[in-house]
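Each of the next two complexes has chain A plus one more chain, namely chain B in the first and chain C in the second.
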Partner chain A sequence: MSQMFDFAGTDVAFIDGDSVLTALVRAGIYPAGGGALCCEGDCPHCVATIDGISYVRTCQTAPHENLKVQPHPIDDYPPLPPDRGYGAPPIEYRQCDVVVIGQGESGREASDRATTSGRMVESFDANRGEEVIGIYDGPMVIARTPERIIHVDCEEIVVATGAAELQPACPGNDLVGIVTGRAALRLVAQGVGLGVTVAVGKPPNDLDCEVVEGTLVRFEGVDGRLAAVVTRTESGEERTPCDTAVLNLGIYPRDGLARMGNGLAVSVVGDAGRDATVPPCPSEGVICPCNNVDVDDLQAVWDRGFHEIELVKRATLAGTGTCQGMACMPYLRSFLADRGAALQPPFTARPVARQLTIGEMSAGEYDRPVPRTPLHGEHLALGATMDRIGGWWRPWTYGELGAEYEAVRERVSIGDVSTLGKMIVSGPDAESFLEYIYPTNISTIESGRSRYVLMLNERGYVFDDGLVSREADGTFSLTFTSGGASHAEMWMRDWGSKYDVRMLNQSMSLAAINVTGPLAKELLAKAGVVDPPPYMGHADVQVAGVPCKVFRLSFTGELSFELHHAIDRSVELWRSLLDLGGEFGIYPHGLEALQLLRLEKGHILVGIDTDFDSTPRRIQHEWACKIDKPTDFLGRPSVVRTNEIPLDRLLVGFRTERPTVDGALLYSNGEYCGYVTSAGWSPTLGHGISMAWLYHGSDGQLPGDVEIDGTTATRVPMPFYDPEGVKARA
Partner chain B sequence: MLEVLAVTRVVAAPDSLDRATFPSGSIVLRTAPDDAMVIGGGTVQVDDLHAIVREDAGWSGVWVNRAPSEAYLQASCSWPRPSVRPAFAQGAIAHLPVKLWLTEERTLFVFPTALTADFVERTPQEWSA
Partner chain C sequence: MNEFLERKVRLTWGEQKPTYDVVIIGGGGHGLSTAYHLATRHGITNVAVLERKYIGGGNSGRNTTVIRSNYGVPESIRFYQRSVELYQRLEEETDRWIMHKQKGILWTVHTEAGLRQERARSFINQANGVNTEFLTPEEITEIAPEIDLNVGGGKYPVLGASYQAAASTARHDRVNWALAEGAMRHGVDVLQRTEVIDLIRDGDRVVGVRTNHGDISAPVVVSAVGGHVTRIMDMAGLRIPIRTHPLQAFVTNHYERKFDPIASSLDLGFYVSQTARGEMLAGAHIDQQPSYSYRSGHHFLSSIAHNIQMFLPFMRDLRILRQWTGICDMSPDYTPIMGRTPVDGLLITTGWGTWGFKAIPAGGEAMAELIATGRTPELIAPFSLDRFRNDRTLADRSSSGTH
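Right, the complex of A and B next:
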C-alpha cells in the first residue's frame, strides 16, 4: 500500500527514495507553480510550507506519513505559523580541527586526507539533511540538521559544495516543465514520466531525448505549462514542441559559503572552486526568480547610475532571496560586463545561507540573567512589585508609596540595597592606587571613616560614584552603584594591574539593608547596637545577632545606617528588623520611594541625572574633585582643561507648582534650554521638584525661571530638603 | 543536590598563593593567579601580609554525574572543556557565569547564589530537586 502525505488537502503518494518534490511532480504538482527545477537545493522553485515551516526546499525534504505541505501564496508572503509551537531546537557545540562541508568526491577526499594526518574532522553534507547555514569568525561553522543546530569551532574549513547548474534567463522561464539535467535524471530515476522531452544543450548521459539546435530564446507555454522551446539558429527562430525541456546551460560554483569565509582559514576544493561560467548577457526575461527581477529592472538601475554589483543587488534585491544569488549571480555579472562595467567578482555572501525559523535562530540563546538579592522572597511576600533595575530584580514599591515615604521621613524604614557594588582592596599600593582612581583625597580618610567619591574616566567625565572606607587593618572597602558595579570592577582591575594590590569583588556575596529614618538609632539600639558609628563612619557590630559592617551615611536625607552582611544571614536580619521596628511603625520602602527621597535631598543617580559627558563642574560636584590634591588622579588633565572652557550647562534644581515628569523639556522665552532628568512631587515640601540640565543662553548666562510642561519652574538651590544636612547628621 | 557552598575566598600575591596551604579535603579552584576559591571550609594559611581571606556565602553548587553533565555541557557550553580530569574550568554556560570542577566521576557546577533562579531555569529539573 502506498504511503501518503498531504498537499493542500490532497493525498500524495510517495515511494522509497522520493523527496517531497519528486512525489509531487509525479502527481503533477509543482509546489511553487513553475520554474526550472534543479532538485539540488540551488533554486527557489520547489519551496513550500511544510508542517508549518515556510521556505522549505521540498527537493531536500524526505516525505513521511502525516506530512502536511502547503504552497506559498503566489503574490504574498507565507502566513506565520498559527501558534507558538515552533520553539528553539536543541543546540550542540562541537570542537574539531577541520570541518569539511560537502561529501561528494572532493569532500570525501578532503576528509580522508585530514583524518589520515591525524586531525579531528567534522563533515556536513546536504544530502544527509545537514545544511551549513553560515561560516563565522573563529572560524566557526553553524549547521542545521532535522534534529538540532550545531556550532562547530575549528581551525580550518574546507568547502566542497560542488557546482550548480545554470538556471535559464529568458521569457517563459517560470513555466512548469523545465528541469536541469541532473534534476531530469533524479526524476526519471524515481519513475517520474517527463513526456515528450527535449534538451537545450548536451543532455545527461542515459537520458533519451531530442537535442534542440541553436541558442535558447524563450519558452512558450499553455496554461502555465511548457508547450515548446524556441531557439535561434542560422535560419531563424525554430519552435520545438515538448512537455519537458532539459537544460544544460553550464555550471556555476556553489561558493557562497566560501565567500562568507573571506579572510578566514577556508579552502575550496572541487567544483566549488572552479572558475564560474559567465553566460551570455540575457536580453529579456526574469533573472532573479526569488524577487522577480528582470532584465528591464537591471537596465533601469544601470541607467540611474548603479554600476557596481553590490549596488545593483541593493537597488533591485536580486540575490537577496531564497537562493541567495545561485540563480541570478551569473546573469548579474554578465549583464554588468556587457554594459561595460567589466566582469565583476560576485557580491559579498553573508550568513545565513538558508532560511531559518525564529526558533532556530534562538537556539542556544537565553535572556540576560538577572540576579536576585537574598531578600527577593521577602519582597514578594510583602506584596512588592518587582522590576529589573540596575541589572537586578528589585522591589519598586510595596504598594503604598505614601506609607513608604512617610516611614522614612517620620519614623523608620528599611530598604534592600544588596545590589550595591562592593569590593575590598588591600596591598602595599592600595592607598596610592585609590588615590589615582578617585579624584578625592584618600590618604586623609581615617580608619573607621568613609568618604563619598566620584569615578572619572580619562576624559574627566563621571561614570560612577560610591563610597571609600578605610578599615582598621589598612584595607579599603569600596562601594559602587548597582548598575555600574560590573564596569567599575573591570575598571579597577584594569588600572590596578599597575599596582601591588589585591582586590575581592563582594557584590554578590554581601547583602545590605538600609535602616533609615529619625528613629533609626532607636531601632538599632533594640537590635543590640548601643554605640553606632558616627556620620560617615563605619564599624563591625552585631545587629540582632547578625555580624554586620555598619556604615553610617545617608542617601534618603534622614539618619541612615547601611548594614552589610553575609547573604545567608539576610532574611534573618530583615525579619528581625521588621519585628523589632513594629513599635516604631516601621515600613519597608522600595525604589520608587527611594528615588523621590534622594531627589528631595538632591543626590544624583549616575546614569540618570548624569550624561556621558558630565564633568564634576557640570553636575556641581566640584567639592568631590580635589583638583589640587598632591597626587595625580585619573581624568585630572581633562578636568583641568575643561575647567578652562566657559561652562555651557549645569545640573540644577527647579521648583514647580505642578508635577512634572522625567524627560520634560525646558524653555526660556520660548527657546529650548534643557531637560528634566528626575522629577517628583515632594509631599514634605508641598511642591514639585526637578533636577534638570540647564543650558546657558547665547548671552552666556543661565536662565532663571523657565517653563516646564507649560508651568513656570523656579530655579532653586539643591538640596531641596534639609539643605543643612541636620537630619542626616542627627 | 543544589546547595549553598561553604567557600573561603583567598586573594593574595600569586607566588604566595602558590605556597599557601589549604584544608585537607577542600576543593581549591584557582580562578585567577591571585585568587583562589576554597570549597569545604577550614583554615587557609598564606604568607602574604596583604592577603584578603574572607568566608563567602555567595556561591552555590551542584554535583552532577559525569555522563549527564557532559551531555548538558555539549548543549549549553560553547567552549571546550579540559580533556583531562580532574580539572578546573570557568566561563559562560547557558549564558551564566559558572565554574566547573571536573572529576573522573562527577562535575561540580559552581555559580553565584544570586543567579540561582536562572541556573535552575536553565538546567535539568532533577539537578535542583
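Right, the complex of A and C next:
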C-alpha cells in the first residue's frame, strides 16, 4: 500500500526516494504554478506552505504521512500563520577542524583529503536534508535539518556547493513542463513520466528525448502548460511541439556561501569556484521569478540611470526574493555588461542562504538571565510584586504601600538591598587610588567610618554614587548603585591598573538587609546587638547569630542599619528579623515605598534624577565634590572648566498641593522650564513633593515658583522631610 | 507586473569638474537632501555630491525606515517633527512614490521604570506639538491584537506603551533617489565611485577635496559621511566625539499585509514592522563593540528571534529571508551633530546614529539654509559640535531606539 500526504485536501501518493515535489509532479501537480523546475533548491518554482510554514522548497522536503501541503495563494502573499505558542527546535553544537559544505564529487574529495590528513571533518549536504543557512565570523557554520539546528565552530570551511543549472530567460518560461537536465533525471528516476520530451542544449546521458536545434527563443503553451519549444536556427524559427522541455543552458556557480565567507578561512572547490561566466544577454522574458522582474523592467530602470548592479537590484527588486538571486544573478550581470556597464561583481551575499523560521532561528536561545537576590523566595512568599529594576528582580511592593511606608516612618521595617554593588579595595595604593577615583576626600575617612561619594567620568558628569568605608586593617569597602555596579567595577579595574591595589567584587557573595525605622535600634538589641555603630560608622557584629558588617547610614531618612552578610545566611537573617520585629509591628518595604521615602529626604537616584550630563553643580551636590582637595581626581579638569560656564539648569525640589507624576512638565509664565524626575505624595507632610530639573529662563535667572499640571508648585529646599537629619542620627 | 518597480525616477549623472561652490562628501540621504534643498530652496546648483560607492549604499539604504518624532528633549522633538512634516509632503513635492505610509509606533514597556519613562515621553511630546499618547495594555491590543501582552508567560508583561500615531515608514532607496533626482535636475553633479582621499587646506581653511579622480576646489565642503566620518575629520585635524557601531536587521519572506503598526520593545531589544511588500522587518540594538564591519552576526539573529516570537507569537512560523548590517555613528548624547566645525570652510552633519533616516528632509533643509545664508538655523543651533565643549549636551538616550 502506498503512503499518502495531503495537498490542499487531496491525497498524494509517494514512494521511496521521492521529495514532496517529485510526488506532486507524478500526480500532475505543480505547487507554485509553472517555471523551470530544478529539483535542487536553486529556483523558487516549487515553494509551497508545508505544515503551516510558507516558502518551503518542496524539492528539498522529504514526504511523510500526515504532511500537509498548501499552494501559496495566486494573487497574494501567503497568510500570516496562527499563534502556535513559543517553539524552537533543539540545537546541536559541534566543533571540528574542517566543515565541508556539499558532498558531491569535489566535496567528498575535500572531506577525504582532510580526513586523511588527520583533521576532524563535518560535512553537510542539502541532498541529505542539511541546508547551510550561513557562514559567520569564527568561522562558524549554521545548518538546519528538519529536526534541529546545527552550529559548528571550525578552523576552516570548504565550500563545495557545485553549480546550478541556468534558468531560462525568455517568454513562456513560467509554463508548466519545463525542467532542467538534472531535474529530468531526478523525475525519471522516480518513475515520473515526462511525455513527449525535447531537449534544448545537450541532454543528460540516458535521457530519452529529441534534441532540438538552435538557440532558445520562447516557450509556447496552452492553458499554462507547455505545448512547444521555439528555437532559432540558421534557417529561421523552428517550433517543436512537446510535453516537457529539458534544458541545458549552462551552469552558474553556487557561490553565495563562498562570497558570504569572504575574508574568513573559506576555500572553494569544484564547480562552486569556477569562473562565473554569464550567459548571453536575454532580450525578453522574466529574469527574476521571485519578484517577477523581466527584461523590459531592467531596460526601464537602465534607461533612467540605474546602472550599478546594487541600484538595479533595489530599483527592480530582482534578487531579493526566496532564491536570493540564484535564478536572476547571471542575467542581471549579463544585461548590465551588454548595456556597457562592464561586468560587475555579484551583489552582496548575505545570510540566510536558505530560509528558516524565526522559531528555528531561536534554537539554543534563552531569556537573558536577570539575577535574583537570595531573598527572592521570601519576597514571593510575602506576596510581593516583582519588577526588573537596575538589572535585578526586586520586590516593587508587598501589596500595602501605605503599610510599608508607615512601618519605616513610625516603627521598623526591613528591605532587601542585596543588589547594591559591593567591593573591597586593598593594597599599598588603595587610598591614593580612591582619592583619584572619587571627588571627595578619602584620606580623612577614619577607620570604622563611612562617607557618601559621587563617581564622575572624565567629563565631570556623575555616573554613580555610593559609600566608601575604611576598615580597621586599612582596606576600604565600597558600594555602588545596583544598576551601575558592573559598569563601576569595570571603571575601577580600568583606572586601577596603574595602582598597586587589589579589588574584590562582593556584589554576588554578600547580601544586604536594611533595617530602618525609629525602632531599628530596639530590633537590633533584640537580635543581640548591644553596641551598634554610630551614624556613618560601621562594625562587624553578629545579628541574630549571623555574622554581619553593619553600616549605619540612612537612605530612608530614619535610623537605619545596613546588614551585609554572606548570601547563604540571608534567608535565616531575614526571617529572624521579621520574627523578632513582630512585637514592634515590623513590615517589609519594597522599592516603590523606598523611592518615596528617599524622595522625602531629597536623595537622588542616579539615572533617574540625574542624566548623562549631570555635574555636581547641576544636582546641587557640590558639597560632595571637593574641588580644592589636595590630590587630583577624575573629572576635575572638566568640573573646573564647566563651573566657569553659566549654569543652565538645577535639580531642585517642589511642593505641590495635588499629586503629580514623574515626567510632569514645569511652566513659568506659560513657558516650558523643566520636568519632574521623581514625584510622590508625602503622607507625613500631607502634600506633593517633586524633584525636578528647572531650567534658567532667557534672562539667565532661575524661575521661582512654577506651574505643574496647571497648579502652582512652590520651590522648596530639600530634604523635604527632617531637613536637619535628626531622625537618621537618632 | 512588478508593482514595486521604480518607474519614474531618472538619474542623470554628472562628471567631475575642477571647481564647485559646494562639495558634499557622502551620497547618502543627508548629502543628497542637502544638495536637493540647496538647489530647490536657494538656487545653489554648482554643487557636487561625492559618493565612494553608489548613492544610498550606506546606512541610508540599510536602515529600518522608521519616521517618528517622539524624542525626549524639546530641541530634538521640534527638529524631528519638522522632518515628519517634510516627509508627509515629500511625495507630492518630488512627484515620486517614496511609499510613505502612516503606521503609528508603539513603544511597549515591561517594567515600572519603563512605564514612567514612556509616560514622561508622552508629556514632553505633547507639550512640543507631537501627539504621543501613553496607552494601557487594552489600548495596545486594539491597535495590535497580535502582541502577546503576557510576554514570556508573564515574565515580561506589557504594562503600557507610548504611541505616536503619526509615525510612518517610507522606502529608504526611493527617498534617496527622489532627492538625488531633484538635485540632478537642477544641475547638481552626483558623482559615484568618487572617493575623497584628502581635504585640501589653505592655512586654517579647507578649500577643496582630493578625490580618486583628481582635485576639486570649493569654498564650502560639507561632510555628510556615514560610518567613516571620523576619518574625514582626521584629514582636517579634528577629533569629534563619534564612535561607530554596527546595527543589524533582518526581513522575513513576504506575507499577507496585515500588521499595521511599528511595534517596538526597547526592553526586549527590537522593533518590527511590515513592509509594503509584506516582509516583516526587524532591527535591534547596536552591537556593543565599535566596528566598521558590515558582516552579519548569528547571535543577533537568534537572540532577536527568541524575543520576537515571545512578543508576536505569529512570527514563530515566518521564514527569515535575509539579514544585513549597517554602521551607526553614535554621539555621546544620542543627538546629531550639525553645523560648523572649528575649521573654516568645513561643515558637518553627523552623529546620525540609529536615527538618521527619519531626519533626512529636515537635516538637508537646515544644512542647505546654513550654507546659503551663512547663518545657523535656529532649529539646528542646539546640535552644534561645540555643545560638548560648552556643556550644553542634549542627553536623549531613551529616544534613540537603542542602548
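The working rule: the second predicted complex is superposed on the first by the 664 of 730 C-alpha atoms of A that agree within 3 Å, B and C clash if a C-alpha of one lies under 4 Å from a C-alpha of the other, contacts with A are read in each partner's own complex, and residues count from 1 in each chain.
Methods note: a residue touches a chain if its C-beta (ideal position, glycine included) is under 8 Å from a C-beta of that chain, and two chains touch if they have at least 3 such contacts.
Just so you know, these numbers come straight off a predicted model, no measurement behind them.
When both complexes are overlaid on chain A, the residue A:567 reaches chain B alone and has no touch with chain C. Residue contacts after overlaying the shared chain place A:366 against chain B and chain C alike. In the superposition on chain A, contact of A:81 is made with chain C only, not with chain B. When the two structures are aligned on the shared chain, A:374 is found in touch with chain B, with no touch to chain C. Touched residues of chain A were counted for both chain B and chain C, and C has more of them. With both structures placed on the common chain, the touch criterion links A:506 to chain B but leaves chain C unconnected.
Once the two complexes are overlaid on the shared chain, A:424 sits against chain B while remaining clear of chain C. By the touch criterion stated above, A:447 is placed in contact with neither chain B nor chain C.
By the touch criterion defined above, A:95 lies against chain B but remains apart from chain C after alignment on the C-alpha atoms of chain A. In the superposition on chain A, the residues of chain A touched by chain B in one structure and by chain C in the other are 151, 364-368. The touching residues of chain A, counted against chain C in their complex, run 52-56, 76-88, 134, 136-137, 140, 142, 151, 263, 291-293, 297, 300-301, 304-306, 308, 310-311, 314-317, 320-322, 324, 348, 350-352, 355-359, 361-368, 387-389, 396, 591-592, 608, 611-613, 615, 642, 645, 648, 661-665, 672, 675.
Chain C makes touch with chain A in their complex at residues 1-2, 4-13, 53-57, 61, 74, 110-113, 116-117, 119-124, 127-128, 146, 148, 152, 155, 173, 177, 192, 252-259, 277-278, 295-298, 301-303, 305-306, 308-310, 313-324, 332-333, 390-393, 395, 397.
The touching residues of chain B, when paired with chain A in their complex, are 4, 9, 11-13, 34-35, 48, 50-52, 54-59, 74-80, 94-96, 112-118, 122.
By the touch rule above, chain A contacts chain B in their complex via residues 90-95, 151, 153, 364-374, 376, 392, 424, 426-428, 430, 475, 500, 502-504, 506, 508-510, 566-569.
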